[in-house]
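Some structures to go through are shown next.
Two complexes are shown next, each including chain A; its partner changes from chain B in the first to chain C in the second.
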Partner chain A sequence: MQKTRNHGDRIHGDIVFETRDLRIGAIQPDGSEIRIVKGVDFQVRRGEVVALIGESGSGKTTISLSALGYAKPGLSFTGGEALLLGQDVTRMSVDELRPLRGISVAYLAQSAAATFNPSIKINEQVTEAPVLHGTKTQAEADARALELYRALELPDPETIGDRYPHQVSGGQLQRLMAAMALCGDPELLVLDEPTTALDVTTQIEVLKAFKKVIKEEGAAAIYVTHDLAVVAQIADRVVVLYNGEIKEAGPVEEVIDRSKHPYTTRLMDAIRPMPEAGQGDASSDEHLREAPALEARGVDAGYGGIDSSGRPAVPVLRDIDVAIQRGKTVGIIGESGCGKSTLARVYAGLLPAASGDIYLDGERLSPDLAGRTREQLRKVQFVYQMADTALNPRQRIRDILGRPIDFYRTAEGMTRRQRVEQLLEMVELPVQFADRYPHELSGGQKQRVNLARALAANPEVVLCDEVTSALDTIVAANVIELLKRLQRETGVSFVFISHDLSTVSSFADEIVVLYAGMVAEQGPTDRVLSPPFHPYTRLLVSSVPEPRVGWLEEAAATREAKAGASGAVTLTETGCPFFARCPLAIPGTCETVDPPTLDDGNGHVIECHRSLAELSA
Partner chain B sequence: MTGLILRRLGIGLVTVLAVSVIIFFGTKILPGDVAQIRLGQAATEENVAAFRERLGLDRPYWQQYLGWLSNFLRGDLGISLASDVPITNLIADRYQNTIIVSGLTALIGVPVSLMLGITAAMFPGSLYDRVLTFVSVSLVAAPEFFTATLLVLLFVFALDLGNAVVVGSTEGKGFFELIAHFALPIATLSFVIASQLIRMSRAAVLNVMSSPYIEMAILKGVPRGRIIFRHALLNAIGPIVNVVALNLAYLVTGVIVVEVYFAYPGLATLIVQGVQSRDYVLIQGLGMIFCLTYVVLMLIADIAAYASNPRLRHPK
Partner chain C sequence: MSNDATLPPSTGAHPDLIGGLPDGEQTEHFVAPFEHGVSFDELPDAPPKARFRPSLTGWIGIVIVAFWIAIAVFGPLLAPYGENDLPFPDDYSEFQAPREGAPLGTDVEDRDILSRIMYGAGRTIGIAFAATVMAYALGVVLGIGAAVSGPKVDMVMSRINDAFLSLPTIMLGLVVVAAVGSSIPVLIATAGLIYATVVFRLARALGMEIMVMDFVEAARARGEGRWWIITREIWPNAAMPLITDFGLRLIYVILFISSLSFLGLGVQPPQADWGSMVRENLGALQYGQSIIPVLAPALSIATLTVAINLIVDDVSAQAGGRLSKRL
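What follows is the complex of A and B.
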């Protein structure tokens, strides 16, 4: 479709978007300015994907939003230009910008779940921009949407638009958001961390779909991310940002393979090493002599009422046997919805198991919190993913840490003040932080306080639920180092829950792979990450992106990825729940008979109908 | 969804039953023997005993309660102790005024207040928003009789329009004549409910306005009006209908001051008379009617909130 605006092309060549000394800041009530973006120059050409990469606070999202002439509430454009198709969008009024937004330039946000209006059907939201701006009739927009649903390989493309956002999966919603952005045939796409919230297996599909559509449409794109491995798959050029300034820019191969700036090198180094055999401590028999610190035996759990046969209305976990040895770390991995967090809640007593038992130091625990003694409560502590919501915003750090010290009486001869300072030192924070409020701390610092709050109880086992998932690569790597040090010094056990296999493998002594509420495979880290693999583990391992160009195409072509992309995750009453997605499935057996436990004799077990030899191939 | 509504109905029923127990036994512990009061100091022991028997007051409490409840369910609210007239007749004379005044107030006050609140949310921090906030907060603080007095001073004494009290009959009057008839009480009550409705609808919409999907709509170039009325309002219906329902219930049950001030007899004054004359049969009947009004309105509000939530309307 020819647009009148494109006359500008003759003057501006193939540059779709360009910033010239762009400055963005927050103007304080006293008139002073906090500079967020400090003079940034870069260009995006037609058919090109430019990645903006950096940690949170680097200004990457703020810069990307300038392409839409949008500054987040509290921020304003303080200098320079942002030229979209030759027009400076930083100086336009809202009414002048409106026709550009959604038509010339479209935005894809990090969380599709939050970006879709829950009360409006998908199709109306997808087609809204072109219909509203009059560039398409409703019928044309519907046809375009259908075309995009097909191109993005969404299931039931004819009817998916009639659903509400909550009726489709997270990965599908992310692709639907791409359809929403593309429906107006924009010349520039702004993608803000569009796959960060996804599981690795879903991320591959979504990346593949994005890449295909961007290439086919010939659109230009700005891709904001902190993940260099993702950048390698999708970007043509990379702009590395730090603290609102460009540190390095160039073609993707050059920046990834021959980074010049030390900051880029640091980012590369912080990429967690690829999961491979030989990581983690090989388990010795030494610790097996005593009872595990915490153990689940035959646990079934779920939500809703429990029926007469002991089954919950919404079952989540089935027949879980997982033991956490003293002073060791057990990593629990699996896709969202597999029951990882539910298992942690069962251990903690927040969700009583429907059947089965939890043992602490070999002693049977009451399934729910109310039946546990204070001493038992003290020994098992929970660290939540979001420090922002876990820490009371109205309390000073001193009070947040002081409360468990008083409750569990762990000051032991020290004053409460000394104990708080000791805890802050343990998590490598300055003692002056005791008088601060959570909002005065950065994300990584808050997560350290969150951890210190759990340590205040002198626990034996700390349940860490996705504690690094919301953090930047470098910050997350530092938190992992801290956890390792704390374990060495205090002998505490960690249950480390994550959907990120590479983080878990860099840290855990043992790995438990959960799929649809059942243990698929468990054992020492090096054993789990080397053949024989459970077919699901193999899919997970092969889905972790590698920071090299061309990986996506290779990975997407493997049989695991092909099988993994089809089929939905369902918790089954009998048989192996992975049946529908398994490339090695044996029809007639796998979906009806519970898989046998294969034991290779090193504490490494796989639940599968295939033989260990077949799984090694 | 159907299950949810049935469960909600069940909760409503339990509430009504619980309140009926409280009302019944609550009136039983009012001081003084009813028969004695009714017959006066001069009554003989035999007369009092006979009267107690006639009212069934000699039976055990639980039997009295069940009898009273089953009569209530059949629409028989009993005979007034103060005037020997069936309670239903007493109420029939009064409920018309109450229904007309609260109905008209709801019809005028609710939509106007909601529009004001929603438009204030469209331009937060603007002069319009700040003036509206100031006025509505002042109205929250002002008692009804103060607002009513101001209105009477302004319209009746300064502008010489209408009467300071409601006079004449409502019979045969049309819609606009009724509005004119009850103009001052309706205006007073509209101001009273307006403050809360404006504050709450503004807060509910503003709360939604900070959601990522609203930012997305802005970035799609959706105009402000459509953002509010198509994207934001749908997600703010739940809290708004609840405030509306609470205010409507207040209009039926809590307008005693306004009824007295403008001297028109309604249900709220009736219950005060009931208390004054120790007419516990009347109090029980009105108490149950007020309870039912609350329960039914809240039930409607909750069902409306369920229906506005696509997650409940269309489960996965």
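What follows is the complex of A and C.
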């Protein structure tokens, strides 16, 4: 502890964590070193949130883990210091680190679902660390946990700890994980992308709770993220990282409003504009034909066996009518669990609809794969979210792209080799990549190969399931640009599924808003994003984080956010599923009667009991 | 206030650059030096994977296994005596201690132990290898077949397999060999069938795991047939863990064959094999001048199986421990 005092002479404020020329690398068997973190200096003071921001591969997670004295398998601390409360944790043994971890420093992972043990009650897991370390008795820890449940605005704070992890919602579990981390009164919190996997409406609640509790507790925090908009809400200072080096660092207002380094500027540029009317990227009508390229009529679908009345055991989609015009992009938006991926799977034939029909060019398609002809299969291609699992790790790019060319005979006068090279050029990858395996590519490059495989079939419709969700802001922006260009050049239609409204609105001609398996609103992008709004659309629009300080407080104060915060998403047999979270709900009507379809003209429809005038207000 | 691009690079930057000012205000704005017009390429996801390099224990395993394979192949050519030759026809004492002309001594019939170990190596390893190959051929084909088939076919195949698995292996082996009579083809077939059940389980589990991967679904969505999915999508991804498991399974089969031989139902006299050598020479523990007649074949079995284990462990450790979890 003497060391801390020495530093105190030099630097004001209580420094909780500090790195000095920190270097982390992977030592190869031949003795050479791959440098991951190349000399990083930053400090975290008491009561301060420092955001580490950068794309994947920038070393931000690796640096944040150094606060726990932990280097990922294969990596080791190769130089410099990481001082937690004045002690260099990079040189400590596991036995020396154990009393620090969970007590002096706590770690919040990205996925709460993976952090909690599903078969142990929540309270026991939240209070485990301080009780195990002997810093609190069980009773003290319980009291502390209750205090945190209240501070984090969790519902039923007295009893929520008695539940099992699967009995609370994702956003609640994320907050409970914060309670787990804070229960031992740590000096430093390390938060690794804690809201990245959440829906925007949930993200607001979680961010708000995190911010409040960090301020109240006066804890210091390292917040790792690639999302500048989130940083603007929660951080006091920002450290911008690229390739293991600090590119820019300073107070959040300085870095966001007056960024000086070109890399920070690029990060800012990659943020998509807020969803507003007038952004829709109206693509040309030259490819339009009379029949839509792909159409769903009255589709019901779900999982499990289908009962005698034609309803699946676990219904997911109810009465869906969505048409995709040729050469256009339809954005399907909704929270996780709303059925948007299921709809894409129904289109692709991977999940046969329980009732209703799919039409391709006006021709009825068989609901399952086996009943579709090879030509029909060729015309509808599916692109998966995770390129990591969508590409066979044992096949070279040449074979991954070559197979659909052979299978559907789409080489058209070219050799297979020429066609593969042409496809690689189309997705802006060097032709030499043909001989590589997927693991030799970066995340964005893999996603491009994933797209190229769909294009290899010369499809009419490409179903993109959250294709940019796993990518960093900059890489995602590049992929969207690529999609736009491909559409212009080939006239292919896209179904673009995402939970991110700003991505969809910058790109789609039409937007379909799904809620709990039903269409809440659909129409041209401009119309959907301007009044009248379905109450759920309004909630979504107001939940998209803006990269400016102070947005969070404003957004959390809107009536939509207040009404929408607590309710869980439930699929209902009748009535409007959004009833429980709707600020305009009419009790007695909305939950019992199916909402009527309000037509605003120009193909813009809203399913709601309120009138268009009321929804415009 | 802010710093400008003339500051030293971040690696050399002093913490004070972003540290506190005397008044405690934190308004510093650190900007790393940069050149205009430099682009920032997408960063690679992960450092390149290192190729497999055996550790010291791995090398020890490789050397020992290579040694035994060499003996198995060339043993009969190199052995000082024939399998059933008597090195000292005039000396009738059994279980002789090592002496000139018989470095490991002699066995119950006064034959040279070293020569018999060298002859037995080929038989023990050969039978075990053939049986394991058979177990794999059957188990992998049926296991992956069950994984890609519908739930009903899978159910029937798996329950039949479970029934076989529930039988104790040695008992089953004893019954079969006792009923059919012992010969090398019968031994191979019996061991192959018994261990095919274990391989079936592993191959089916691996197949199931790979079946639900997006790239397999992508192939199904493309309209690919079952044959393509098995041979091109599943097999290449299942091969690595299965090959590793092959080494482990080989150990079990060696021990199984040796156990049968020890019980007198394996390789029949006068042919030499390590398991039967242990049994023949058990008397040495009581009456012999040395215990080498028992120890030598037992140690041969031990060194070979431990060495295979060392290699398998090394491979699986370098695959991030994922393989060992599955096995």
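Convention: the second predicted complex is superposed on the first by the 594 of 617 C-alpha atoms of A that agree within 3 Å, B and C clash if a C-alpha of one lies under 4 Å from a C-alpha of the other, contacts with A are read in each partner's own complex, and residues count from 1 in each chain.
Here, a contact is a pair of C-beta atoms (placed from the backbone, for glycine too) under 8 Å apart; a residue touches a chain by one contact, two chains touch by 3 or more.
Please read these numbers as outputs of a predicted model, since none were measured by experiment.
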Side-by-side fit of chain B and chain C on chain A, or clash: clash
Chain A residues touched - chain C or chain B, whichever exceeds: C
Contacts of A:L482 with chain B and chain C, given as first, second, both or neither: neither
First (chain B), second (chain C), both or neither touched by A:M268: neither
Which superposed partner A:R98 touches (first chain B, second chain C, both, neither): first
First (chain B), second (chain C), both or neither touched by A:I306: neither
Chain B collision site on chain C, chosen from 148-156, 166-174, 184-192 or 220-228, when both complexes are overlaid on chain A: 166-174
Residue ranges of chain B in contact with chain A within the complex: 211-213, 215-223, 226, 230-231, 234-235, 308-311, 314, 316
Residue ranges of chain A touching chain C (in the complex, touch as defined): 10-13, 18, 20-21, 26, 28-29, 34, 36, 38-43, 45, 55-58, 73-74, 236-237, 239, 242-243, 245-251, 254-255, 258, 260-263, 266, 348-350, 369, 372, 374, 377, 382, 384, 386, 389-395, 403-404, 407, 439-445, 453, 457, 474-475
Chain A partner contacts - residues on chain C that touch it in the complex: 2, 4-5, 9-24, 26-32, 34, 36, 38, 40, 42-50, 53, 213-215, 217-218, 220-224, 232-233, 236-237, 320
Residue ranges of chain A in contact with chain B within the complex: 65, 68, 70, 97-103, 106-107, 109, 111, 114-120, 128-129, 132-133, 163-164, 166-167, 180
